[in-house]
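After this come two complexes, each holding subunit A, first together with subunit B and then together with subunit C.
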Partner chain A sequence: MSSLIGFLSLVFAIGINFYLILSRYIFKFKKQRFNFSIRLSSLLTLLSFFSLMYAYVTSDFSNYNVFQNSHSDKPLIYKISGTWGNHEGSMLLWLCMLSIFSFLFSFSKNIENNFQKLTLIIQAFLHILFGLFIVFTSNPFLVNSIFVDEGLGLNPILQDPGLAVHPPILYAGYVGYSIVFSIAIAGLFQNTDDEWLYVAKKWSLISWTFLTGGIALGSYWAYYELGWGGWWFWDPVENISLMPWIAGLALVHSLIMVRGEQAIKKWIVFLSILCFSLSVFGTFLVRSGILTSVHSFAADASRGIFILLIFFIITGFGFLVFLLKEPKKSNNLNLFFINKVSALLINNILMIIATLTILLGTIYPIIIEVLYNKRISVGGPYFNSTVIPIMIPGFLLMSIAPILSWQTNKINNSKKYVLGFIILSILVLIQSYFLDFNTWGFIGLLLGFWIILASIIAIFTSYKIKLNIKFFKIINPHIAHIGVGIAIVGITCSSVFQNELDFNLIEGDEFTVNGKTVLFEKIETTNQINFQALRGKFLYDIEKNLSKKIEAGKNYYPVSKMITSEAGILHQWNKDIYFILGDQKNNEWFVKVLINPFVSFIWLGVIVMMYSGLIAVTRR
Partner chain B sequence: MKLSHFSRILHIVILSFMFFTIKLFAVENIDERVKNLTLELRCMTCQNQSIYDSDAEFSNNIKKIVKNKLQKGESERDIKKFLVERYGEYILFRPLMNFSNIFLWSFPFILLIFGSFFVLIKTKRKKV
Partner chain C sequence: MSIRYQRLLLILISVILILSSILLILYNVRENISYFYTPSEITDADIELNKRIRIGGFVEKGSFIKLSSNNFKFKITDNINSINVKYTGILPDLFREEQGAVIEGSFETNKIFNAGIVFAKHDENYMPSSIKSDLEKKGYWNKKYK
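And then the complex of A and B:
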């Protein structure tokens, strides 16, 4: 029953969107009626999504999708998240996000009427494309042809609270760019005033913040769930999310800096189209099954072709309009070496090069396979030795960019910065001499701390310190950059200065980690709701009364016959101690302990970046 | 007075760079070499995992082979060549710099050169 309701409301919503597009040319709507239809179609799409969720929660196995991906044993939260833990459901979530963005946009004020209408019509067009894709190739409401009373279960790796919220947040980021795309196209068609820039800024900041959160959640999940102690692997799927993120970052910077220059406006339109194209392209790569990963649930060529088609329609349409309706002839930019505008230019060029490099590295194995019929890998080492060096000038520039002048190439208080930089380099040099020297470690630490230091100098020398909201809005760019600096320090320390210790232990053994004694208490197996847990229990720092418990082990999921590893992590502000329980051999357990210094700084940096993303939304 | 300050700083910088180079050429021990090499190899039986990070049987075997060969004094290059002959280029996370990958390796730097020329041409050095 719920499946029927879901399917009908999905189809009705698509119908309404057809009607909306026709309405522009055949029968003219009043604003109220137009907005009403948009909102109705959004609510119907939501209804469709929630009826699928209802089917999951009630374990309604007459729905084929639920049967394939759920099991009545699962805890409630994974029944809910199971809704988007499969291809069909996640596409419905995508559509749902699209209509939520249309819904919210229909409420925005201070926008010219026709402009808003046109934007929403482009949204309706996108809704139809993805809606038809769902109905024809990935219908989540198919009826199960046989009668069963149990489902096949959800991939255990996806049964994790972090991963339950990761897709909706990530999708909010991806799909948020659809509204930016629509705004930019509508701006090209109407070409009236610059009001659309402000609107686009708001929405692109919101999408970027969500995308940041989604990516960070994904990599945090990889960190504690995959059990290798790393958090970023340059996996194709990670690269795909990183591309719109970097392009979106370039977009956000351009939007914040634009002051009526036609050349920058043109560039903004280009970036807006690019961001959404990259999002759709990413969806194509993941969903088509060309790339193998946790994310590609089921490979099906027809889906791949269909999304590829959608990708070409959107990108082709977008760039075609861009070429035909290009904004008026550009006046010259006020560029000096180096002022704010030229810094923006350099920053954008670097970000685009990074995006294109990641794109090339991600699809190169496919190209080679087609051309030479051999398989190659393009992995972390490639990206580390191309993308990171390219970004370094950008990071250096970032430290001072917010205080550069618009007109001239002078920097106030430049002596303080020079002095700060020299002192900092000496400190980092001394540090790197006494610890293990590593070139990347040295560069990373210097860069990270320099960005933080320069931003702090800038805050204290360029503004009057006040503790009110307005002040925090003014220094927001510096705060964002401090966030990046903190993250760079975290990334450098955790990847370069990671320490690994291996032990073979029997229960009751004591061993030393980082100067502290650790007791390997015992091995315990317990039965949980839908899995069996094997846990090694450790007591960290037993000499103190407040010794900390760490549990590391594995879970066995009988339904899907899979084993997942569960790392035991002791979080401290300056390091994570990461326990992995290996296999048993002759009564001895293999235990790997990783000491990851300053990992928490990565997440802290991300939180700071997201905070300033949100603050920037409210700033005019 | 100012000059002496400056020269003092210069001394410190030069001295530290000397320390640097000493550290830079320090010989790595065998385990570190194994780590650095296996980090760049793909575990063929896992999903996007390096041999170093993986505990699969395949990876443990390769780790042993790599260590053996390093102890025998074979160079990283020879070991990689051996592994490519056995398992194909797919095992290398860092693609070879050969003819078919020339575009892959040169593309970012070509873009970078073009980008910097663009910036240099567009920007004026002096203020109006």
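And then the complex of A and C:
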């Protein structure tokens, strides 16, 4: 029953969108009726999504999708999140996000009527494309041809709280760029004033903030899930999320900087189209199975071709409009050697090169396989030694860019910055002398701390300190950059200064980690709702009364006969102690302990960036 | 500095940035890729010792030996040829005999491959055996399922 409701509402929603596009040319709707139809189609799409979720929650195995991906033993949270833990459901989530963005956009005020309408028409067009894709190639409402009273279960690797939050937020980011895309195209068609730039700024900031959150959550999930190579692995799926993120970052900066310059406006339109194209392209690469990734859980070549088609339609249409329609003539670019516009220019060039570098590395295996029939893999070393050097000048520039002037060539208080930089370099040099000297560690720490320091100097010298909301809005760019600095420090420390220790232990053994005594208490097996858990129990720092418990082990899922490893992590503000329980022979267990210094700084930096993304949305 | 001169400088900097990035990319693409072979291709091709490569295939049945809690020996096969592999560390959860695995590492001697990383991948369409036999009986068995 719920499958039928879901399917019908999905089809009706697509129908309404067809009707809307026709309406523009035939019926000439009034604004209210137009908005009503848009909202109705959004609500129907939501209804469709929730009926699928209902089928999952009630374990309705007459639905083929539920049968394949669910099991009645599963805890409720995984029944709910299982809705998007498979290809069909995740595409419905994608469409759902698209409707939500249209829905919200239909409420935005102070926007010229025709412009708003045109934007929503383009959204309707996208809705139809993805809607038809779902109906024809990945329908989650197919009826199961056999009668069964139990499902096949969700892939145990996906049975994690991460699945509940990471995909929806990431998709909100990806799909959010659809509205930016529509706004940019509508802005080109309408071509009346610069109003669309402000609207685009707001929505691109929202999308970027969601995308940041989505990537960070995925990264955190990959960090504690063993076998996913840590918080960043340069895996294809990770790379394709990073590409729209960097392009989106370039877009946000261009939108903040634009003062009606013709060249920058063109560039903004280009970036808007690029962001959404990269999002769709990423989906194609993952879903088609062309690229192998540790994170892809659904791949089917036939769907891939369909998404590739959608990608060409969207990108082709976008860039065609871009080439044919010119933004209105206005001011020329105001370039000096060191002013904000020049800094923006260099920043954008670097970001786009970085995006292209990642793109090249990601699709290089495909190119080589097609041309030479050789299979290769491009791993972390390529990306580390290419992307990072390209970004370094950008990071240097970033520390001073917010205080550069718009018109002239001067930097205020330049002496303070030079002094700050020299003192900082000496401090970092001394620090690296006491630890083992490492070039990347030195560069990373210097860069991270320099960005933080320069932003703080800028806040204290350029503005009057007040503790009110307005002040926080003014210093927001500096706050965002401090976030980046914190993240760079975290990334550098956790990757360069990581420490790995291996032990072979019998129950009751004591061993030393980081100067603290750790007791390997015992091995314990317990039965949970849908899995059996084997845990090695450790007591960290047993000399103190406040010793901490760490549990690391494996879960066995009888439904799918799979084992997953669960790391035990002790979080401290300045380091994470990461326990992995390995194999055993003759009661001797292999235990690997990783000490990751300052990992928490990565997440802290991301939170600061997201905070300032949200603040920037409210600032006009 | 005149405005014109400054613009020229800016354009020059941009061009230098782009060119050096391209050089960097080209250099790194050459240095940092690892080739992927099947066990049969290995036997045909001449592979230098200590060159980092990837080998993909199945873990041969009955070849897995646990030397200690973190030292393992097994064979990777494509049913024609097989390669002796040794590995120190923690094996992935999905690693087992007769399942697909990809190993990255280098040949220590002509006979023994020293794996630094082991990847194991399970088909996403796994199927509990009870339901599998049920489906096969009724003729609904889809070959896509493992």
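General observations
Operating definition for what follows: the second predicted complex is superposed on the first by the 608 of 620 C-alpha atoms of A that agree within 3 Å, B and C clash if a C-alpha of one lies under 4 Å from a C-alpha of the other, contacts with A are read in each partner's own complex, and residues count from 1 in each chain.
FYI, a contact is a pair of C-beta atoms (placed from the backbone, for glycine too) under 8 Å apart; a residue touches a chain by one contact, two chains touch by 3 or more.
Treat the numbers as computed from the prediction; the structure is a model and nothing was measured.
Superposition note: with subunit A as the common reference, subunit B and subunit C are in steric clash. Once the two complexes are laid over each other on the shared chain, residue contacts for A:426 go to subunit B alone; subunit C is not touched.
Shared-chain residue A:437: touches subunit B; no touch with subunit C.
Touch criterion met: A:152 reaches subunit C, while subunit B stays clear of it. Contact with neither subunit B nor subunit C is seen for A:392 once the two complexes are overlaid on the shared chain. By the document's definition of touching, of the two partners only subunit C reaches A:559; subunit B does not.
After overlaying the two complexes on the shared chain, residue contacts for A:235 are found with subunit B alone; subunit C is out of touch. With both structures placed on the common chain, the touch criterion links A:381 to subunit B and to subunit C.
When the shared chain is aligned, subunit B comes close enough to touch A:372, but subunit C does not.
In the superposed model, A:506 makes contact with neither subunit B nor subunit C. After superposition on chain A, the subunit C segment that clashes with subunit B is 41-49; the remaining candidates among 41-49, 59-67 or 131-139 show no clashing C-alpha atoms.
On subunit A, the surface patch touched by subunit B in one complex and by subunit C in the other comprises residues 292, 294, 335-337, 342, 345-346, 349-350, 353, 357, 360-361, 364, 374-379, 381-382, 385-386, 390, 409, 582-583. On subunit C, the positions that touch subunit A within their shared complex are 1, 3, 6-7, 9-10, 13-14, 17-18, 21, 24-25, 28-29, 31-37, 54, 66, 68-70, 89-94, 119, 121-122, 124-129, 131, 135, 138, 140.
Residues 68, 145-146, 148, 150, 152-153, 155, 226-227, 292, 294, 297-299, 335-337, 342, 345-346, 349-350, 353, 357, 360-361, 364, 374-379, 381-382, 385-386, 389-390, 393, 409, 502, 504, 554, 559-565, 580, 582-585, 588-590, 592 of subunit A are the ones that touch subunit C when the two sit in their complex.
Those residues of subunit B that touch subunit A in the shared complex are 9, 12-13, 16, 19-20, 23-24, 26, 39-40, 42, 47-50, 53-55, 88-96, 100-101, 103-105, 107-109, 111-112, 115, 118-119, 122-127.
Interface of subunit A with subunit B (complex): residues 228-230, 233, 235-236, 292-294, 333, 335-338, 342, 345-346, 349-350, 353, 356-357, 360-361, 364, 368, 371-372, 374-382, 385-387, 390, 407-409, 422, 425-426, 429-430, 433, 437, 439, 582-583.
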